[in-house]
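Below are two complexes that have subunit A in common, paired first with subunit B and then with subunit C.
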Partner chain A sequence: MNPLFERIREALAAQAGDCSVAHGILVLQVAPGAVLEVARRLKDDFRFDMFADVTAVDWLGQEPRFEVVWHFYSTAHKLRVRMKARVAEADPTVASLTALYGSAHFMERECHEMYGIVFAGNGDLRPILLYEGFKGHPLRKDYPKELEQPLVPYREGFEMPGRE
Partner chain B sequence: MDLKLPNPVRPAFTRNERDDTTIVNIGPSHPATHGTIQIIAELDGERVLRADVHCGYLHRGFEKECEAHTWHNLIPYVDRLNYCSALINDFAYCAAVEALMDIEITPRARYLRTLLAEYSRVADHMTCIAAALMELGAMTAFLYMVTIRDYIYEHLADLTGARVTYSFGRIGGLARDLPDGWLKRLEEILVQSDDFLGRVHGLVDRNRIFIDRMRDVGRITTADAINYGYTGPILRSTGVPRDLRKDTPYLAYAELDFEVPTGIMGDNYDRYYVRMREIDESIHMIRQLVELLQDKGQGPIDVDDRRCVLPPKRLVYGEIESLINHFKLIMEGPQVPAGDVYVAHEGANGELGFYLVSTGGGMPYKVHCRAPSFVHMGGVHKMLEGYQLADIVPTFGSINMIGGECDR
Partner chain C sequence: MSSSRTIPIRPEAAKSGAFEYLSTRKDELIGWARKFSLFPYPFVTACCAMEFMAVSSTPYDTDRFGAALPRFTPRQSDLLMVVGTVTHKQAPVLLKVWEQMCEPKWVIAFGVCATSGGFYNNYAAVQGIDRIVPVDVYIPGCPPRPEMVIDGIMQLQDKIARQQHLIVNDRF
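== the complex of A and B ==
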């Protein structure tokens, strides 16, 4: 294992006990409550200065249902860290990283509308790729792919070709 | 019919900060915003005080649609993310699937993918610069650039059968090998592009109008750029030589000799110049790759792995095992082992990442694209605020926002 990864693993053993390296990326499994703390340590102590991505995976049928996945990159070490946290459907809340990274604003908005993950501390969770008034979270596995919510209603008598 | 339609966006601000300012709406139906971006701006005279950027008008459910296709069948969708350099998307996606399947592609495929990725980067940068120049009224420079770009498109059509969205990547290799004479024509185009790029340099580099519109406009500092997740030419224009091709070499980049051009000020002019220099470096790489292809890149383009590569037609029609293999790959898709992977390539406008989750079947459980344009839109207000309303056009042009990957 890369020496930096070893150091991170030792330093964050309390918050992220279960660490592994997969395809060259250090994977940290953290509790939802420790997200902000781990991200802050990664940024301040280990120079992971770039917040590259956040998304979620919907493990429908499992408990807790959602897995939020963050990717960080260090421009100094040229290494990546992935942080994962499982949250339940009843309370899909994790801390927002907007206090640490400007890029969190937009990416958390997308994850929020697509999966319904609530990023506590991000004051602006307006729809970003979808539109105001869109119902549901389309990337959840129980959202049917064919479901349409046209913002502009179809003309009277119009039927979408190929649809029942 | 009731014509009152709901507003698709909710502005971040509706009240003026002061009583002598105006709030205006720009786009999405505006040529300079590529028809997909809406900017709500508060103006003090001609100066932008604050800007609220909205995207999503080209959202088409890429990630949702991918979950209903086999690993191979979604390649045409991947093409349509960044349609100015579709091949880079193809190869980044295929590399991510190959990482999950633990496949190492053949040397010929590696060199060819690298060559085609750099060729696409040339076309992408030319499109960006041409459009940005045209928006400033430099029609001649625009025509020079798109002339070469069109040669490249036609040339890629000779190889792939399509001009813009090629669907040329395959898991484990490429769709087909080079046709006869392709490399000869490649060198002709590179020679011509040198000539045309020189003319563009001569037209605009020291042009008073161009410098006045570009220099010191749309500046972003290195700290802001990194904080907002900027990558690619925009980050490099602030002076950081951060390039995944150098930092975490993939494909054949470790074998190539190239520089990472950087800017100084992080303004529009630097972004223009970094892209122009990157075109030079890409052409330099393409010439090295042509030699590498001839020296070390002979052999098959597909790996010999029946989990993902279709058997040759001759065998499909001649023996039952290959027929079943072909059928299974088409109908059920390649069986990708369970797991997740994040693979990032240096796209033409920044870090293009694919986060894939497999549960072990022929279809992905999740395909997530980390699109540079989308992340860039999150910090674009930093480059607009404090400048003139008219500066939005060149600044936005120098960011190279691609609606396909931004809105997915």
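== the complex of A and C ==
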């Protein structure tokens, strides 16, 4: 394992006990409550200065159902870290990283509309790729894959897709 | 013949054929004029745009059909070319552009996504722009070959030439 990864693993042993390296990326499995603290340590102590992405995985049928995934990159070390947290369908809430990274604003909006993950602390979770009035979260596995929600009425002779 | 109502023709010009008479029907004349002066509005949303550029530029040259000069305002154009995937979020924009175009107007669905949604069948894509606006010519392909686009333009020209033109009335 990379020496920096070893140092991170020792420093964050309390929050991220479950560590591994996959494809040269350090993977930290953290509790939902420790997300902000781990991200702050990564940024301040280990110079992971670039927030690359936040997305989610829908493990339909498992509990907790969702896995939120963050990616960080260090322009100083040229290394990547992936942070994962499992959240339940009943309360899919994790802390927002907007206080640390400005780029989190837009990426959290996208993750919110596609998966329904709530980022506590992000005050603007309006749709960014979808539109106002869209019901449901299309990248969840239980969203009907052909369900359309048109904004304009169809011309005569075409059946409007039913809204659920 | 020397009548006051005829245009005097110089003797040498009379032999050239330039001043011969032409007889036609009014609606055919209008259709002939219109089919060679198409002003496209490119509603370009996706990768078909590359093929649209190819067909517009020198090697294929849609200017031969009088359909090369794009107008970037719908009010100055009479051919709406929908090039690429249209999403439900874009559908109100497409409808507004079409509504702002003055009559007479025609619509070409360029590529399989505009025609039928293509391989996108999900929450985002409109399954064919004919659900939103009336389409005159569909050009399939992902993307269409330039020859197919030219064929589509020629089919639209035939359609325009055969159309009833509202401008033709008892005062014209």
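Operating definition for what follows: the second predicted complex is superposed on the first by the 157 of 164 C-alpha atoms of A that agree within 3 Å, B and C clash if a C-alpha of one lies under 4 Å from a C-alpha of the other, contacts with A are read in each partner's own complex, and residues count from 1 in each chain.
The rule is simple: contacts are C-beta pairs under 8 Å (C-beta built on N, C-alpha and C of every residue); 3 or more make two chains touch, one makes a residue touch a chain.
Note that the structure is predicted; figures quoted are calculated from it, not measured.
Engineer: Looking at the combined model built on subunit A, do subunit B and subunit C fit side by side or clash?
Structural biologist: Fit - subunit B and subunit C, as placed by superposing on subunit A, sit side by side.
Engineer: Based on the superposed arrangement, let me know which partner A:V152 touches: subunit B (first), subunit C (second), both, or neither?
Structural biologist: It touches subunit B and subunit C both.
Engineer: Given Cα centres, how many degrees, to the nearest 10, is the angle at subunit A formed with subunit B and subunit C?
Structural biologist: 40
Engineer: I'd like to know which partner A:L130 touches here: subunit B for first, subunit C for second, both or neither.
Structural biologist: A:L130: touches subunit B and subunit C.
Engineer: Look at the residues of subunit A and decide whether subunit B or subunit C touches more of them.
Structural biologist: In the superposed model, B touches more residues of subunit A.
Engineer: Given the touch rule stated above, what does A:K78 touch, subunit B (first), subunit C (second), both, or neither?
Structural biologist: In the superposition, A:K78 contacts subunit B only.
Engineer: Name the contact category of A:V57: first (subunit B only), second (subunit C only), both, or neither.
Structural biologist: Only subunit B is touched by A:V57; subunit C is not.
Engineer: Who does A:P138 touch here: subunit B (first), subunit C (second), both, or neither?
Structural biologist: So A:P138 meets both subunit B and subunit C here.
Engineer: Pick out the closest CA atoms of subunit B and subunit C after fitting on chain A and give their distance in Å.
Structural biologist: Closest C-alpha pair between subunit B and subunit C: 5 Å.
Engineer: Please report the subunit A residues shared by its interface with subunit B and its interface with subunit C.
Structural biologist: 129-131, 138, 143, 145, 151-152
Engineer: Under the touch definition given earlier, write down the residues of subunit B that touch subunit A in their complex.
Structural biologist: Contact set of subunit B toward subunit A: 5-10, 12, 54-56, 59, 61, 63-65, 67-68, 99, 224, 226-229, 231, 240, 242, 247-248, 339-344, 351, 353, 355, 357, 365-366, 368, 370, 374-375, 377-379, 407-408.
Engineer: Note which residues of subunit C are touching subunit A in the complex, please.
Structural biologist: 88-89, 91-92, 95, 121-124, 126-127, 130-134
Engineer: In the complex formed with subunit B, which residues of subunit A make contact?
Structural biologist: Touching subunit B: residues 22-23, 25, 49-53, 55, 57-58, 69, 71, 73, 75, 78, 80, 82, 101-103, 105-107, 110, 114, 124, 126-133, 138-139, 143, 145, 151-152 of subunit A.
Engineer: How about subunit A: which of its residues touch subunit C in the complex?
Structural biologist: Those in contact with subunit C are residues 129-131, 138, 143, 145-152, 154-155, 158.
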